[in-house]
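Shared between the two complexes below is chain A, which pairs with chain B and chain C, respectively.
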Partner chain A sequence: MEKLKKKIRSFSFWNWVIASIIFRLILIYFPNNLNLSSRPEVSTPLTSFRRLSEGYWLKQLSMSPYAGSMYHGSPLLLSLLGPLTVKRIEGQPNHLLYSLVSVIADVVSAMLIRATGQNLQVAYFGTLKSFDLVKQIEGSEVHSPGDVAALIYLCNPFTIVACMGLSTSPIENMAVILCLYGACSRLIPLAAFGWVIATHMSLYPAILIIPVIFLLGRGPDAPPRKLFLQMHQEKGVLNQSKLPPCFSWGPIIHFAFWALLWSVYVLVLCGISLKQFGGLWEMFKSTYGFILTVEDLSPNIGVLWYFFAEVFEFFWNFFLIVFHANILFMILPLAIRLHHRPCYLAYVAVCSMLKSYPSVGDSALYSGLLGWFVNELSDMQFSLFLFCGYVGVSPLSPVMHNLWIWRGTGNANFYFATTMVYACLQIVLVVEGVSAMLNHDRKLRSLITGKPRDAKS
Partner chain B sequence: MAETIENSHSDEKPKPRVRPIVRFGIFLVSHSFLVSIVCFTSGVLALFLLPVLAKNTYISENALMPGSASPMLSNQHVSDGNRLVKDLTNSNLKSSETGIESHKIIAQYMLDVGAEVSFHKFHPQMNQFHPLHFFSSPDSGKIQENYSCSSYGINTVGIIRAPRGDGKEAIVLVTPYNALTSSFGEVLSLGIAYSVFSLLTQVTWLAKDIIWLVADSQFGEYAAVSAWLREYQTPKFSSMSALNAEMCPDINNLFEIEVHSMAGSKFSNSFRRAGTMTAALVLKVRDQSEQFDDTISIYAEASNGQMPNLDLINVVNYLAVHRQGLRVNVEKLWSFLNLGWLKSLGEIFESLANIAKSLNPKFKFGIPATEYVEGTAILASSLYYQALGVPTGPHGAFRDYQVDAITLEISPKFSLDKVWRNDIILRGGRLIEGVIRSVNNLLEKFHQSFFLYLLTSPSKFVSVGVYMIAFALLIAPLPMVAASLYVDSNSSSNCSKGDSSTPSAITDTDEHGITIRSWRWLNSAKLVFIVHLWGAIVSVLPYFICQIPDCSPTTSFMIWVLLSILSLLILNSVLASPFACVKASQEKEWALVKSVTISSVFIGLGLMSVINFATAEIGALLMVPMCLLARPLKLDVRAGTFRSCCRIICNLVLGHIAFPPAAFFLLKGMLDGFGSANVGGFWMWVESLWAWNSATYLFIVKATYLSWMSKADARYQRNIFNIHSKKG
Partner chain C sequence: METFNNSKPILLFLLLPCLLLYSLIAFNSSSVEAAMHTNNWAVLVCTSRFWFNYRHMANTLSLYRTVKRLGIPDERIILMLADDMACNTRNKYPAQVFNNENHRLNLYGDNVEVDYRGYEVTVENFLRVLTGRHETAVPRSKRLLSDEGSHILLYMTGHGGDEFLKFQDSEELQSHDLADAVKQMKEKHRFKELLIMVDTCQAATLFNQLQSPGVLAIGSSMKGENSYSHHLDSDVGVSVVDRFTYYTLAFFERLNIYDNASLSSLFSSYNPSLLMSTAYYRKDPYKRNLEEVPVTNFFGSVMETIHTDAAYKALSRINSGRFEAQTSLDQSVHHIERRMPMKVNDQEETHNIIPEGNKQLLQGEEGASKCPWSTFCNKFRKGENVDILVNYGLVAMIPLLVILTWLVQ
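Take a look at the complex of A and B:
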């Protein structure tokens, strides 16, 4: 019976995967009608397809791809994806090859998410076993987090839109997921590669270094050591072999070595490809500099464009520092609190709302990662509210944009109101998610120590 | 930070101090029944209060300065106009089979006063509904392939280059004119326009180019204007024109002849452009008049309930009333004027206002009852036309390109003999001149005044800030009821669990038995999603049905109905049944379904109020009571009390009335008698709606599934039940 159920589930999993791929392939044939690649929600200055092909053309004309402040991505992307932007097949939609690449990227990320989720599940069961809690799980239905997360990632409308909008965010997301996968399954060179590439492409994934260090040092699901000692004190026996491993620095040094190696490699490649166009300095200025100084104030679904359009110019530097430091301020306390669940920390780190050019691709990524914790978050509050919020905001944004730009009856405040609502939703999601996770830990602890503890401990 | 989060959310057992706002929220949710009744009635009441709350219009843009200069239109120009009218009526007698003659005359007149003239040849383009064109910008790449040479129209365009301008801005004057069946009113409107045009060639103050478009209205006024606008705004660089010339040689020959016959240097066969358009005026004269006064009617509603800037209406209203002594009319629903209860409502409001005034003389918000009734009639028509989303005239074409435009229709008091004709030309011409002079003063495009408003009289309006309150009150019950249903279903399931399990098992259920307790709504969300999907499919279906050639409206409607039922069955079998095996008790399940439905309706209405307020308002009036009352029929039948019986009846009646075909029949029956209503009529109506890409169309389909929802509740219950029995 159990096996049958499992079979059915895996069968429907592949069904859904195939259905989502077919859906994407169908959508490829309507790129002009949907006009997704020109929507500000989908393509930001960093991920826009048009800018990528512009950069490619500039490079073909042996000019610097960063000339004219059009392209702001990595030079490696130009060499890899650039040729696909111009290649056409007779009788087929214009960007068929490029869209196929994004579809493949999506599927690969989903598979990586699935594998990581299965890793996580194994680690979670291992922890429960070490606490002798396995009995309590049997009988109750436990969803396979890998499958759920992969399906959430694949069937999420945001992912589909980002993929069909020809933005480069599927590839960036794949790099992030590659990093996490490598760290979870202890493939240190792979993790380092993913981290270097993701950081190279959009800078913000650099924060992932914190969860990756925890993951490598301690494993994907390591309960606090103190808890073990406490448990065994009560029982009177201390079994050293069952203790979770201490924080080990070996893998981290290993990781640092590989990260160094990969980054040197990437930089050398970039340097070669940009040799005649001003070299690496030019690249840093127009990628990282562009991200950090928020030069492009065209509307997107973040909040920074409006803020910096309003702020006086001589306060600009100050607020830039404040906003970017804010990300670290949010991450560091959470890193201390959630250090035993590095993957969850990674999720929190990924959905930083203070990105300078966010797009729906980012929310696709973090909602996919959220699926890993489907069992832990099962009693999250406000889930319906959040869901309705996301459902409401996602059509509201194009409508407000239409009112502002096309009809001329609205103004920038209309659109900004939507982005504010979106930011608030993300904040609620993070707050509720973290609190649900802490509640879950508290319950585990009360089960282990045997007595219901005071909630405020 | 993490600690504070932990504190605020962790404590479940002891009931500590709750923040006042949370307590208020809990209070609202727990009394949702009462609150929703209060909110809904106050929302309806606020809607009826809108005419009382209307403010007087004022001219917001200082640069307009309407009426600051005395009109320069003299009898000389009037006689010019009269000459054109005479020539055109004579040419009509001569050769009425081709319209080309009269267009030539008009072009000759334009050339005579020194304007640039060109002809614009267009082919009528049927408005085609395309499911994917809702959000794309106006006609991106809509190219029509198959022209037929026999049917084409000719717009005559005259352009005056402004002596003081740089040619970057223009004001458009449109006169629809059908050369084949030219009515006298149309000819007179040409006369008025020409008198203004001949004046404007002489004046020195002109800073914006003037475009006079004589739109060939044999395929409808809107089609001609929109064809010209499309050509103006999106120039074609393809080989279309060359191809066109090859295909239709006879038309081209006609043009050749014209070019030869008109030796004027300023005539050109190519398309002429001026600057970006600041404003456009469409001028019409009505033939028969039943008015007691010279009146001028303003039509402003463009597609999807968009309105031109209020300042444009203000300027016209100010000049017509204060300078030319014309009565200004806005469209109203005449049937509202005779409603007794509306009158008594107005009297109640009036007396209330009087009482308030006697209490404190500073309170001055009352309006007389008759004025109230008239305001309500105008408001109702304003709502109706905005909700319908079909433009009320050729001005609608301009709004698609963000140009503010209105239609002015002059209806003279007496039959149009010589003297009165001069008078009408003089006063109408001076009005147009004044408006053009005002708009000419503008430095930027219209932006000062309102875009979102409802008119209650030509000089009174309700702004967005006021009418949104009524709407918000109307839909406020939805989230509250959704929340209370959700909370109820969750808490009751918790209670049952707590009761059934022994203390040792409590921890167990707390631990992992929760399995997606808070995510249980996902199943209901899936159901709602399926119904939405079905609605989407049904709404796209007509696009494919209209591809079938030679279909009478009735048969195509039948096909539509059949296909939609078929698609529902397929969807149900493919998507719904695998997931229907829900273990949750059915009584809880319907509450969740209802809660999810209501929240989706709330989202939809909120969105719609941004896109097209009037549709959302009318939709809310229909759907909110339906949503709140909906309950599975089975449960009610089982309960068998008087209250539940009432509820069943209400549900059934509402569910049927709000079902769009039914609503259409009822409305039509009330208006024209039931004899004329048939199924084909509904098809035609729907066809006209989607032809305009109307958002209302989407909405109607939404209403369709909603009314199905209450039935679907019952149906779905049965479905689940069947599956369970099969399993068992």
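Take a look at the complex of A and C:
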């Protein structure tokens, strides 16, 4: 019976995957990609397809691709994806090849998410077995986090929109997921490669270094180490082999070495390709400098554009530091509190609230990664509220944008309201997720130590 | 169990950035790329004012009309005139300026754009236009925005003498000022080729001091000779055109935009007995053969149009010699004929540069330790191969990653 259930579940998983791929392929053939690439939610100055083709065209004219402040991405992406922006096949839609690359990136990301999720599941069951808690969960329905997360990622409307909108987010997401997969599976060169590429393309995945260090040092998510010690003290069995391994520094050093090597490789390639246009400094100024100084204040799904349009220039530096430090300072205390759950820490790091230029692709990524914790977060508060919030904001945001820009009957506040709601939903999601995770740990502790259960549902 | 001492992948992996770093170090200077001729500019200066110098303004306006007719747009013409003829109270034909007594052509038509008029025509402004050193508030229409691919026509007319040109009856431009300005322009890469045409008395002395390469200069008379006006218009009451400009215009009126008359035919069309002076030209700084240079290189602006199907397909300056292959076949024969002199010249230029570059490279690489690297670095010095190298590096990244991951597992 169990085998049959498992077979059915895996069969329907592949069904869903193929269905989503077919759906994307159908959407490619819609005219002009449904104008998705011109939506501010999808294409930001960092991920826009139009800017990529502009950068490639400037490069072909022997000018710096960063001239005119249009393109702000990596020069390697120009060499890789640039020719795809101009290649046209007779009778096929305009950007078929580029859309196919995005679809392939999505599928690869989904497969990697599934593999990581299976890794996490194995680790989860391993810890439950060591706590002798397996029989208590056999009755309830335990979902496979890998399948759930992969399906969420593939079938999420945000992901589909980001893929069809010809942004570069599918590729950035793939790099982030590659890094996490490598770290979970202890494939250190892969993790270093993913981290270097993700940081190179957009600055914020640099913060993933902290979860990756914990992943490599300790292993995937597990309840706190002291629980193990407590359990063994209670049961009086000191079986060393059942303890999770101590924090080891060897893999970290290994990771640092590979990360250094890959970053030298990438920087040398960039330096060569930008040799006559100002070199690496120009690249850093136009990519990282652009992200950090928020030069472009055109509307997007974040809140910084409105904020910096109304703040006096005198205070810009201060607020820039505040916003960017917010991401950093959020991770550090959480790292102390949740160091035994590095994958969840990675999920919070990926959320990157108050980013400079967020887009729908970012929400696609963290919604997908949320699926890994579907078992731990099953008791999350406000889950319905969050889901309805996201469902509500998604159509309202283009509507408000239309009202503001095209019809002129609204103003910037309309659109800013939806972006504020989006940011609030993100914050509530992270906060509730963290508290749900901590509750899960508390429940485990109460189960193990035999104390009465918490009344929280 | 990962072994830190697994030497194979580490060696392999350390080798690759070392290769790239070595080639970076070996690369010391970039080769000179010949600029392609991309645009034409015209600076037309009339340095006289007052009613009796009507003919100088008519000269300049006639040349303005010719240059516009042959294709240079207003945004690339800097016209400096005193502009006090057309609406002068002594003008019997208000708002009209003629260069012939048959009054066939009104030069002051609807679309004359004068950039510097009246008292703005000074030596200082002229030199600022040439060198590009303006105040910050000067609008773009008053600036000479040329680049290293520009051909510039500089035409000056007025009263002049031995190594000077009189500006608006109050100041003068001397030949060494002009030579200095041209030298600055050359250093700042503000032109590819410059044609200076001067129609004044003793005009040829004005460019005595010119040394900059790529400059061709012709004057209407030599030292000690005067340049004369062509005829008197008894109706308007003054002479309406000078001889040198008159015969220049006569040459151009026979041309249209597709003709490929050469500069040597223009220069040889000046008959000293008709001009009553000797039109003298200096071509020692100008290295090209005058018979191969079409007049439209300076007096007109005939742009190449290359028809392609795909969007965003642009030529890089490096591959300038290859664009002929993409032209469509149903263009007129005149185009192909006219384009060939330019193609030959561009290839000559590139051919001139490459052997010198190779010689330098060969001399520089004699002390190099590794023989295979010399050919690699030679190829690397040319700009085109940078992209190929980056592509190789990118493509090599994936199998490298796979191999390393598998090895270190």
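Just a few scattered comments:
To be clear about the criterion, the second predicted complex is superposed on the first by the 449 of 457 C-alpha atoms of A that agree within 3 Å, B and C clash if a C-alpha of one lies under 4 Å from a C-alpha of the other, contacts with A are read in each partner's own complex, and residues count from 1 in each chain.
By our rule, contacts are C-beta pairs under 8 Å (C-beta built on N, C-alpha and C of every residue); 3 or more make two chains touch, one makes a residue touch a chain.
Note that the structure is a prediction, hence the values are computed from the model and not measured.
Aligning the shared chain A places chain B and chain C next to each other free of steric conflict. In the superposition on chain A, contact is made by A:Leu190 with chain C only, not with chain B. Once the two structures are superposed, chain B and chain C can be ranked by residues of chain A touched, with B on top.
For the combined arrangement built by superposing the two complexes, chain A sits at the apex of an angle of 80 degrees to chain B and chain C, based on C-alpha centres and given in steps of 10. In the superposition on chain A, A:Val86 contacts chain C only, with no contact to chain B.
Touch criterion met: A:Met380 reaches chain B, while chain C stays clear of it. Once chain A of one complex is fitted onto chain A of the other, the partner contacts of A:Gly408 are limited to chain B, with no touch recorded for chain C. Once the two complexes are laid over each other on the shared chain, residue contacts for A:Asn439 go to chain B alone; chain C is not touched. For the pair chain B and chain C, the least inter-chain C-alpha distance in the overlaid model is 16 Å. On chain A, the patch touched by chain B and the patch touched by chain C do not overlap at any residue. Listed in rising order, the residues of chain B touching chain A in the complex are 1-2, 5-13, 130, 132-133, 135-138, 140-141, 306, 402, 451-452, 486, 507-508, 510-519, 521, 525, 578, 595-596, 599-600, 602-603, 606-607, 610-611.
Of all residues in chain C, only 2, 4, 13-14, 16-17, 20-21, 24, 30, 309-318, 383, 386-387, 389-391, 393-394, 397, 401, 404-405, 408-409 touch chain A in the complex they form.
Across the complex, chain C is touched by residues 53, 56-57, 60-62, 75-76, 79-80, 85-88, 182, 187-190, 193, 250-251, 254, 261, 264-265, 268-269, 271-273, 275-276 of chain A. Note for the complex: chain A touches chain B at residues 12, 30, 32-35, 136-137, 140-143, 330, 333-334, 337-338, 374-375, 378-381, 383-384, 387-388, 391-392, 395-396, 398-400, 402-403, 406-409, 414, 431-432, 434-435, 438-439, 442-443, 446-447, 455-456.
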